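Read from first to last, the chains carry the letters A, B, C, D and E; within each, the first residue is number 1.
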Amino acid sequence: MRRIPGFAGIAAVSFVLLYAPIVTLVVYSFNAGDSIALWEGLSLRWFAAAWANEQVQEATVRSLVVAASASAIATAVSTMAALGTTRTAPFPGSMAIYALINQPLMVPEIVTAVALLIVFAMIKISTGYSGLGYLIAAHAAFCVPFAYLPIRARLEGMDLSYEVAAADLYATPWQTFRRITLPLLSPGIVAGAMLAFVISLDDVVITEFVKSAGQDTLPTYMLGQLRRAVTPEVNAISTALLAVTVVLLSAFFVLNRQRR
Amino acid sequence: EGELNIYNWGNYTNPELIKKFEETYKVKVTITDYDSNSTALTKVKAGGHGFDIVVPSANYVPIFVQEGLLLETRPDKMENFKNVDPQWVDVPWDPGRHYTVPWQWGTTGIALNTSIYSGDPNTSAIFMDPPPELVGKVNVVPEMNDVIGLAIMYVGGEPCTEDKNVLRQVRDKLMAAKPKWQSMDYGMTEKMSNGDVMASVNWNGSTFRVRLKNPKVVYGYPKEGYVVWMDSVAVLKDAKNVENAKLFQNFIMDPENAALISAFARYANGVKGSEQYMPEDMKTAPEIVVPEKYKAAGKFLPTCSKAARDLYTAIWTELRK
Amino acid sequence: MAGPAAPALAPARTGETAARAARIRRNWLLATPALVLLLLAASGPLLVVVVYSVLEPGEYSGVVWELSGEGWFRVLFHRDIFDDTLSLADAHLTIFWRSASISLLTTAITLVLGFPTAYFIATRPPTQRMLWLFLVTIPFWTNLLIRTFAIMEVIRNEGILNSWAMKLGLIQAPIQILYTDTAVLIGMVYVYLPLMVLPLYAAMERLDFRLVEAAYDLYASRWRVLTRVIVPLVRPGIVAGSILVFIPSLGAYVTPRVLGGGKNMMISNLIELQFGEGRNWPLGAALSMTLLAFVMVALLVYVRNMSKVERRG
Amino acid sequence: MQEAIGRAGTPINGGSAQSGSRVMVEARAVSKHFGSGEQVVKALDAVSVGIREGEFFTLLGPSGCGKTTLLRLIAGFEHPTAGAILLDGADISGLPPFRRPVNTVFQSYALFPHLTVAENIGFGLEMLGRPKAEIAETVAEMLQMVRMEAMRDRQTSQLSGGQQQRVALARALAPRPKVLLLDEPLSALDLKLRKEMQVELKRLQTETGITFVFVTHDQGEALAMSDRIAVMSEGNVLQVGSPTEIYEHPADHFVASFIGETNFLTAAVEGVDGGQVRLRLGGTLEVRAGLPDGMAPGPSVTVVVRPEHLRIADRDAGEGLPATVSDVVYLGTDTHYHLRLAGGEELFARVQNRPEGGEAWRVGDAVSAGFPPAAVRVLRD
Amino acid sequence: MQEAIGRAGTPINGGSAQSGSRVMVEARAVSKHFGSGEQVVKALDAVSVGIREGEFFTLLGPSGCGKTTLLRLIAGFEHPTAGAILLDGADISGLPPFRRPVNTVFQSYALFPHLTVAENIGFGLEMLGRPKAEIAETVAEMLQMVRMEAMRDRQTSQLSGGQQQRVALARALAPRPKVLLLDEPLSALDLKLRKEMQVELKRLQTETGITFVFVTHDQGEALAMSDRIAVMSEGNVLQVGSPTEIYEHPADHFVASFIGETNFLTAAVEGVDGGQVRLRLGGTLEVRAGLPDGMAPGPSVTVVVRPEHLRIADRDAGEGLPATVSDVVYLGTDTHYHLRLAGGEELFARVQNRPEGGEAWRVGDAVSAGFPPAAVRVLRD
């Protein structure tokens, strides 16, 4: 009754579209030649090369560190903000808060990148600090709406009555939050954190403009290679990361399922 | 001991060279990449970046100097300066080498896949007036100075000319040629090897690497005039590790070390005696060792006046849109 | 009667207003960390761009602190380098037009692909749905640049697409897709498809299929059920997905740069050119603001649309 | 007139309907299984039932007994695992729902939230491709019939529950279906509105003459509204008959307990003559009662006595069974007296409250519980 | 004993509760307004009510009358706009919910989905910082009390509605609150389970001796379970009293119509003597009836006659009002006869069905509708 003829076919096309490039990427990571386009036989040499290339390794680790920190911060502040702006009657300034939180979604990246370059450079000069903090802050900021949306959605769907019940059963507001709200909110928080993590991992434009010495991430490293030659080394790294994520996500998925 | 922060083009620095430097001086070197002179300039100018060394192209060096971004480290007084090929000492962008040390140099010419067009590759007409076989198959690397330099020489002008008639011709010809181009992109090592692009304005080192994969590809030195360029190593004024940076400048003027640079990115380096340490295939490659008969057409791009620069930029922006 | 009640009245009323004030204070406090972060690392710096748009360009880059309308002027008008004649900046207009049309097309195509995909997922048994969604999001976990390179492999002359099409006899010679607007479009559809599928799925999962049954019951054929019932009901999802695709498309940078071959700029590339090789920051800033204005218009349409939907449903 | 349990192969039609005897909808040995293997759910198990033209027919049963499944099979939303659905004599098993002249009023109303009241009502006619003028006319007529003329351009979300209910009815009636299916249309309404809508529904059915198949799990509603009732349990139809038949002559234990509250007693069989049986209750009381058709009783049978048929009297005054009052629940119209018999069996009596107050017993009182012989119904085993 | 309508400033406590007369919960002229300006909703309008220690007190009223709001004020989830809430004599208006020795059973149960049954029940004690051993013991006791021992480690999502209900009860009872608030705890259950839970709730209340404040909009439930009932309408308490008082002596039109089905008649006042009034009904019938305390009737009054108090007889045999039968609805236990009086007024009678069948009238029969004088209740204007 729910079937609409043709829809499954179009869905299949979508999935092919989504996976064809990924499959190509994975296949070429096993290329023996130096090209990401010319197949010269099967080999693990690019995995070895990536494994040996310190700059790539550092960039990978840095990407993960930035993404992890930024998504953690973004998730934390978004959770708080979602708690403050959801399931509450409109209050003075609530629209402004909402607009500000979603602002990074609306402003094209390049604009933010230039603005951040100028402002952060001023701060860097005046404070003398030029660590990863700027990258993490910038990433955390543009991750906020991505973390906020699923958390808010979860909160909106969450029955207020659980918290009321907890208060009724002598739980102080903090206890209510720790014991009831947070556990119930956790699927939304996990979704938000994951989304933020991916978004951070993906960013190149803002990172390129904000990074200081020794702060290449995987994407900016690759951007630097664009002008010369991109080797299957990056495919190898991506394949490895992809494998790790798929394993982790599958584990999460299976665990989540069993718990229900 | 200490640290050194190098800000260089992506995939341009030989890790072996760095390792050797680190081991020799017990310095921790960090490489950070950029992908264009303008990005590098912008970030350095904004400040607070933490870089010690930058590797701008020749035409950007005077800008860095004028903006007061470079430290006058006097490489000409360094121990290894004696190794620098005299040809690269009194260069227009840094007369007497008060600021910079040669990194690599090369030429910008034409790369052509002869399987599709068997005409003469040694002309800028390949991209300024593409023969019918190449229409829609030519790439032009989006490097302003190189392309406009080639175009000026193609219409008979001198690089850095402010002659509006010449420049108008340059613009009009470029604008007329653009629709016949396939793209304005980098990454020709890859794309010409696998046949995605059949001809391109390209750098010699890249073309050399293409030829190793695809012997059909030849490098052309445009007879109307082609561009000779050099990227040089400079120390930034706000560098925190000035001494290490100077050590590095000196270090890469050693022929053995200079050869390491070339072995990785496949361009010549401007240090006498480095040839003997270079890979065999580079020593005779017509892309790297400019054949005698083409030498005359090569022109070094001087640093132009502000007026000329503004005009170039205007033409370039118009072309890119 | 009011007499005895009065003393009890006063404290109670302050209790109510105090509770309200406390709630507002709490809400603001909770939002503050996010707001500080955003003001510091996202929204605040934008002010700089606004200021820069009305200054003189510096000689090599940056700005000179002198007021000038040139930046804004040149968004729309072009002054010939050689004879100083004024004309409309058709290059800018072309780029804006290209950006807008590619973004609209991207939105339309992701909608055409994403709608059935989301519907397909939403009609799987509940236990399977998460798995399908997961499959939609996996490609997201690979870096955008790498994915874009990977697309290049698919669409280049000897890539999968052309070689299969030739094998199947659909075409004789490879068609040039790479470096065309089509390539950019394919890339953008690929990149943004999940952003369309997710909100559509969210809307469809909430779709009350009893309404679909009611429509069948009232003699509606499948097509009519789709157009008259399902589409109107998941409209909020369609609008949300379209906005989520359209806005980032307008500001896309990497995809047009890699797949468009540098000849077919979109707004972001134009802005980058001004801040980079073009060395005209005020123009870059003014172009940024113009782009922002476009986005705002799109959002306004969205908000008005949504409130209409809310008023109805 | 009442026949036994509706079972595979034998379509039965107990009860006396006021309506014509032509069968409009017929389920022939219809089974519907969901899932497969170990997990299979037999939602309907070879159900046969015939619904007559123009009657108000009710499917009554507890949650999960298969009422909705049967409706959905008739409407065409599901396909039977076995058996056939006939409409007006023709097998319609192969027709998709939008080809069946059958409309449904859904429990949740399922009004289209993006259409106005009038657009909702006109939807079916529009889908049938009727001319605009005709649609407008029918919609106006329907609006009037359900007394919603003033709300024709409202959004459905602005309507109260009862109003939504009316629109759902009008929408389903507008295409003049041969059969109208109603799946617990009143269960979401509050008591007062529910009573009103019962009257309204009954009026509409009488006015239009359309066959109504009504689903409810509320026995009061079923008794008050139906021409005939089919009592269902676990995928089977247990009894089909008029409200009186079902209430007064329940076919089995399940029907007796599901239709109204009741007392079950075990009685010893003293003797059988013809259709009558002599029973001994609580060891002392002797009564004669009719036997269900063709039943041959064993040494004891289960009998039913409705609580409103019990009479409480002082212990010494009464002729009935000796009992003690264990609980008294005041219900306004009536009072329930819970009684414990000497043997430990529990009974309860429903006594209508008198305006004057009248006799009232308290917890602990020793009383006697009597009933006229006619109140005793013997159940099949 | 019954006093008039509960209004601002005058806490009233009609009805005779079996329980002690100490007031446990008191609302003093409590108002609660939502929104502001034009849009203000007066959910409660200067309500005063006193709930005694250990009684089963029910708030009864139609949807939106303010029942939940009053509960939420007592629990502390809302702050009164005006007035005060007293618990055991102390003003608790300033205390947050987690400081009030009052627990709630929510309509939706609100069981924590991420905790097991036992963890849910122990939650309140844990929050109170009780020692682990004590918690375990109380939880075990509670599990036994609600007969859920076997399910202690289940996830709450794996429980049926009735089981969830029990866990919610146990959870609220575990901390031994002074007052237990129950907001329509039975409304989501089906009829059978509902009846069972009514008995269970009543048992628990008797066993624990805790004051129960119960909210329902089901009058049958209220009558069957409560010691006293407060009937509410539109933010006001209209009457407080025992079930019998409320049903038999409704204070006004609203209470009379809300509690049970009833007939309203207009009667001409012929004369008043003392607390009695002589009335003429339908032009012919003369009756005497008691007047509500202190009422001075005008030329006519509204009287109530409960349908179960009407007696139908053949036209010539009866002494009552001449009428025609306009509808007959069979309800199993009873039959409703709808009657039209000569003057056009409508009445209905509820007649208990006799096992023998007995007298039955049909639509159109000319009958006479009589009632004993005691059945007539005069309403306040």
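In this section, a contact is a pair of C-beta atoms (placed from the backbone, for glycine too) under 8 Å apart; a residue touches a chain by one contact, two chains touch by 3 or more.
The shown structure was predicted, so the numbers you read here are calculated from the model rather than taken from an experiment.
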Smallest number of contact steps required from subunit A to reach subunit B: 1
Between A-C and B-C, the pair joined by more C-beta contacts: A-C
Centre-of-Cα separation between subunit E and subunit B, whole angstrom: 91
Subunit C and subunit E: spacing of chain centres that average the CA atoms, whole Å: 56
Contacts with 2+ other chains: residues of subunit B: 36, 39, 42, 194, 196
Numbers and ranges of subunit A residues touching at least 2 other chains: 1, 36-37, 118, 120, 223, 226, 230
Contact set on subunit C toward subunit E in their complex: 1, 4-5, 8-9, 11-13, 15-16, 19
Interfacial residue positions of subunit A with respect to subunit E in the complex: 159, 161-162, 164-173, 175-176, 179-180, 183-184
Subunit C residues within the subunit D interface of the complex: 208, 210-211, 213-221, 224, 228-229, 232-233, 235, 312-313
Partner subunit A, residues of subunit E touching it in the complex: 75-77, 96-99, 102-104, 106, 108, 110, 112-114, 123-124, 127-128, 171-172, 175
Residues of subunit E defined as touching subunit D within the complex: 62-63, 190-192, 217-220, 223-224, 243-244, 247, 259-260, 306-309, 329-334, 336, 350, 352-357, 371-372, 374-375
